[in-house]
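Going by the order they are written in, the chains are A, B, C, D and E; count residues from 1 in each one.
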Amino acid sequence: GQARESAEAPEHKAIILATTTSTQDSGLLDELLPLFEEQTGYLVKPIAVGTGEALAMGERGDADVLLAHAPAREKEIVAAGFVINRRIVMHNDFLIVGPEEDPAGIHGSDNGAESVERIAETGTRFTSRGDDSGTHFLEMSLWDAAALDPGGDWYISTGQGMGATLLIAAEMRAYVLTDRATYLALRDRTGLVPHVEGDPLFLNIYSVLEVNPERFPEVNSAGARAFSQFILGREAQEIIRRFGVEQFGQPLFFPDAGKSEESVGAFPRDGPRGLTPAPGRAPDDLTPWS
Amino acid sequence: MNEFVLELHDVAVTYDSRTVLDVPHLAVSRGEVLTLLGENGSGKTTLLRLLGLLVRPIRGRVVFCGEEVDFGSARRLLELRRRMAGVMQEALLCRMNVRQNVALGLRFRGLPKPEAQQRVDAWLERLSISHLDDRPASNLSGGEAQRTSLARAMVVDPEVLFLDEPFAALDAPTRQSLLQEFKDVLADSGVTAIFATHDRGEALGLGGRVAVLVGGGVVQVGSAEAVFSRPERADVARFVGVETLIPGRITGEAGGLVQVDCGEVQLEVEGDWEAGEEVYVAVRPEEIELHDDADHVVGPGRNVVGGRVAKTVPAETHFRVEIDGAAPVVAVVSRARYRDLALKTGQSVQASFAARAAHLIQRAGD
Amino acid sequence: MELIWNGITQALSLLLQGNPQVLEIALLSLELSGLATLVALVFGVPFGALLAFKVFPGRGFTVTLVNTGMGVPPVVVGLFVSIVLWRSGPLGFLELLYTPGAIVLAQFIIAFPVITGLTMAALQQIDPKLLLQLKGLGASRIQLVAVLLWETRLPMLAAIIAGFGAVISEVGAVMMVGGNILGHTRVLTTATVLETRRGNFEVAIALGLILLALTFLITWLLTLFQQRSAAR
Amino acid sequence: MELIWNGITQALSLLLQGNPQVLEIALLSLELSGLATLVALVFGVPFGALLAFKVFPGRGFTVTLVNTGMGVPPVVVGLFVSIVLWRSGPLGFLELLYTPGAIVLAQFIIAFPVITGLTMAALQQIDPKLLLQLKGLGASRIQLVAVLLWETRLPMLAAIIAGFGAVISEVGAVMMVGGNILGHTRVLTTATVLETRRGNFEVAIALGLILLALTFLITWLLTLFQQRSAAR
Amino acid sequence: MNEFVLELHDVAVTYDSRTVLDVPHLAVSRGEVLTLLGENGSGKTTLLRLLGLLVRPIRGRVVFCGEEVDFGSARRLLELRRRMAGVMQEALLCRMNVRQNVALGLRFRGLPKPEAQQRVDAWLERLSISHLDDRPASNLSGGEAQRTSLARAMVVDPEVLFLDEPFAALDAPTRQSLLQEFKDVLADSGVTAIFATHDRGEALGLGGRVAVLVGGGVVQVGSAEAVFSRPERADVARFVGVETLIPGRITGEAGGLVQVDCGEVQLEVEGDWEAGEEVYVAVRPEEIELHDDADHVVGPGRNVVGGRVAKTVPAETHFRVEIDGAAPVVAVVSRARYRDLALKTGQSVQASFAARAAHLIQRAGD
């Protein structure tokens, strides 16, 4: 592309970005990457895969930079020394959606564990991604919290991405735990309505991680650093904030550059459906841009 | 019994809009053997296919046992076809063993296995291919394949049999004995057979009627003897081996014989023609005798043509001698006579033939 | 490379331990793809024969359509089948989506043009004179086609192998219309993809190898038959 | 159903507006799949001829392998190619992963057995006596194979169509080894899947239709040639 | 010039471990015409393929122009094969038009297009298939296909030509004239030709040497005249049409002629045999004359056998008459003589033949 020639081309141009499908499927990357490429002259190859695979790519050194949303697993590979510089980029939230009739009677709850317990008790259908994704891990922790081991005819493990799982849930009139971005994208198609939201556990935190160049010398560490600086930078964070407002009437992600996990947590509890972003959360001053 | 098994009325067959067969009328009687003769590409195979209801004429009617064939009804066509069987010119065998190939027609007709086996065995035996019965058909020799193809048609015991040069790849003794046997089988069973061949001996040996095709048309039909000794057209004459065709013009009649002026020679021939007509004097080669000198040859009703030996060609039982002279003549002489005459190229000889052994053919434009 | 080795070990251990879940998935794969291939044969062979031997208006267009069918992306097939089978779709009342039946349907649509197209090409290769000869021996239309299929058994087996291979290895459409639901519609290919996405490459490779082994077995049987008859 | 209709409208508008991005993606699809098919032909046809005509130890096994190859799930191919091309893999130094080259490689591996297997089946159908006749007329080995390929042009074109169809419609492996990177390795199938995942079914259908139209065009040209020569 | 173009030394060919050809020695001289005769499945085609270097013998050596052929070297084989050309028994044409088919061999040899066209044109003309030149080969008639196949081999103008029943599907006049032309071409060009046929007339007409195959072995090689009139074995005799084979035993010699006791008749034959040997008296049918009564037949050196007419079969130039009697005899009589004798089945006749026209064949075990 001609647009990319504005910046001086770096020596090692290509950056492999391993990311979860939600960032690509939502269209966020399509907004961010051209800008980054234009500003820096790098060429990003986003590989959208499952969270598990994305992290595995980091572990093998087959990617330069990761964008993931499974904090616990991320910390593991940081601790193991495969990746470095894990920094929080943004968050959105999860919610449990289901058929409008709400057969399990969980509408309005803000307790995920209780809700899944009700679902299990009533034997209402529930679709699980079953693919070791961040969403799947969260769902598992809800079952854990309810001290249940789900299984049986009502428990449908799809082993697919969020979008497909939502579609299946719609067809089967089942409940499903979903991230907000994907749900909004498919809301009209599925006709599912939100029933449970606002549980503190439902926080979905995305971080950027650089692959450790000491461990994997062939890694494009300069590019990785540039990317993580870019995505934490003012311009990118502003794009994240606005992304989706036009189409869905609400943002899909909330910028969090510079925050720690604890400080991301505050859920706005106003409004029966959906979140209204707290004002003045722009992280402009929080991200150093060199 | 003059019942017709097959009749053609004013039919024509085209390939890619080229007419390759055009027959105003042809009828085949039950139990007869009809032999088709004609040069390559004259339409013999096409005629067999038409009679076998395998190609659709663009015009005209085909009548089978009194019933006009409806080429639109696949079911009826199949029923009629199952009363016939054909041997194609090429032995197109399927990729099965010999026995399975021979059994195909019976399988199509749903014959019970044991009976089928028995009939197949009988024909394998008859055509001396029993020892090949489990050989894949693809690695037979040419003659073995043709025998298999022949057995495949014979075994279904049809009412009408179509044979397209069925013996061409067989060795001479087999051909001879098979022809004999074949004739007997046909006579016994009353099967109607239509037979295309290039072998004049076969046509004569079968002894039925002969139809001569030229350029897609049937130009002469008659007994084998009649067609071979009294061809009605010059092209037919050449084709049936009447190679001596001396052009001339009728001058009149004398002693019951037509007088023909052939330029350097005057010939006498039996027949009933008017003076002034342009004709060929046609004589079969074996009717022509050769002599050392003219003295021996005398008598009324005997024509003599002088000339020189142009070429001699040995054949199985005789020599074929071409003579250039007042008129080109082709004669056949026995080996003994050939030795007696000590014929050599360039030698001067006299050729004679009886007035009743020759006949006249109309000479058209040429 | 080590991964592949680990995958092989894992595949062996899964098989030797007789892991019931893997066995179930493998059997389901075979069953569904086998059934889809069979149905595709039942419809594709006569249709291929028709295209090979009959001249009718629109034949050329139909042939192109069938040949194009070989190049229709399975995901597009999956998409169309999904749309038709959705609750809101015209056949929604059948409640077929996310059932094995939906998988068979999609796989049938994928295998059908392959088998039809290759059958047609195989039969067209036949000498027209052989057709006449067989008709002359009294073959009905069905008998004719039966003998000709036997004649062309080598390319016909290749057609079956290609058709079966196309569906047993397909994942996109099967994922879409089957839903990859554990215990119901999860087959070897969708399970492989799932394990890949999970980053469990060894298990993915193991499943892939089991699928390969299965395909090899089936193909070996068909090939044995194919090549034995090539000898004649 | 309405979705499909909207998809058709969208496809038409994308095409008529000459949307440069869609055009680029479509061209890339054609280019890569065409190249992969070509390479598969270059290797597959001689190899198929070898298997058809030469008897050598291990031939039966090789034939089975090739036939199995028709049933190898493209995702497994994608997985293997990925593993080999990973930075940590044996060919990692080539830096081929996530490039069009990797796509061509994977598609080649998918098309090769299809073309080899169908070539073999087509050539084996030939009367061995014709082989002798051609040798007797002084054909070298290459000339022999060239004439025989012309003899079997109907099934050979079917083989090409099947091979091209298999790769132009493939998505799993292409996604894995190409990475579906916009402007580099995004082809029609991966774009379709992406749009489906995004819930943009209309666009997905539109892309699928464009792919279908392309395949139809190519197939139409090949079929035209195939059926014209069927006439002789 | 006794240069050998092809020599076989102790070769054998097997199919599926069945030996179908086993030849201790056979040599073909430059420029000669060798005709192979033998019943179906006797190995003619296989022998042609072997000489054409198209099958590999399991044993023995093939020598081409003094060079032992190395069947392991594909390159050398190709070079040698390009000096030959073959017409197979079946006209296996490619799915191209007639011209392209005929040009194949020239294309393989990389001949420049214009020259190739010219040569193709010449042969299309010669075989009267110019009008078919752009017809797809698949829809030719049988004879047209064979002509194409023949042109395809002739056009490459090879040193050695293999012809496997090349005229079997041609119509009789074409066959006759082509045979003649063929003989002239071969004589002019010095091409070596090896020719398999079932037609005895062709074998005689070509006039070269004849090799007779029985069950994969070459049992007699000699001039056509020799093989046809002096077959050395009973099976060869039957095959070349020597149908009269009267079993007997030598009793002694008288007047320079061997005396043979054949049970009811005593025969005299030329030759040099010892008393007590078991033999057949072999006579060609055309050497046998038929007579109404015995009176006419006298003189030394003339044998007479009486009997009754069992069967008469018409052939093109003659009638074939089988006689049952003291010994079974087959004679050929001209049409004229047939008419004179007015032969009928069951009629009593005398058959006579000259002592020098018969010869003796060893009678083995039977």
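In this section, contacts are C-beta pairs under 8 Å (C-beta built on N, C-alpha and C of every residue); 3 or more make two chains touch, one makes a residue touch a chain.
All values reported here derive from a predicted model rather than from experimental measurement.
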Longest centre-to-centre distance from subunit B, chain (CA-based) | A
Highest contact-pair count belongs to which two chains?
-> C-D
Distance-wise, how many Å sit between the C-alpha centres of subunit A and subunit B, to the nearest whole number?
-> 91
Distance from the CA centroid of subunit B to that of subunit E, rounded to the nearest Å?
-> 23
Approximately how many whole Å separate the CA-defined centres of subunit B and subunit C?
-> 56
Which subunit B residues reach two or more other chains?
-> 90, 138
Two or more partner chains touched - positions in subunit D = 127, 196, 201
Touching two or more other chains in subunit A are residues 164
Write out the stretch or stretches of subunit C touching subunit A in their complex.
-> 86-87, 97-98, 175-176, 179-183, 186, 190-191, 194, 196-201
If you look only at subunit B, which of its residues touch subunit C in the complex?
-> 49, 52, 54, 74, 78, 81-82, 84-86, 88, 90, 92, 94-97, 104-105, 107-109, 136, 138, 152-153, 156, 162
Residues of subunit A touching subunit D in their complex?
-> 1, 16, 21, 24-27, 30, 45-48, 60-62, 161, 163-164, 185-186, 189, 216, 218
In the complex of these two chains, what residues of subunit E are touching subunit B?
-> 15, 38-41, 45, 89-90, 139, 141-144, 146-147, 164-165, 168-175, 180, 198-201, 204-205, 207, 224-225, 228, 238-239, 241, 284-287, 311, 313-318, 332, 334-336
What residues of subunit C sit close enough to touch subunit D in their complex?
-> 1, 3-4, 60, 63-65, 67-76, 79-80, 83-84, 89-90, 114, 117-118, 120-122, 124-125, 152, 154-155, 157-158, 161-162, 164-166, 168-172, 176, 188-189, 192-193, 196, 201, 204-205, 208, 211-212, 215-216, 218-220, 222-224, 226-227, 230
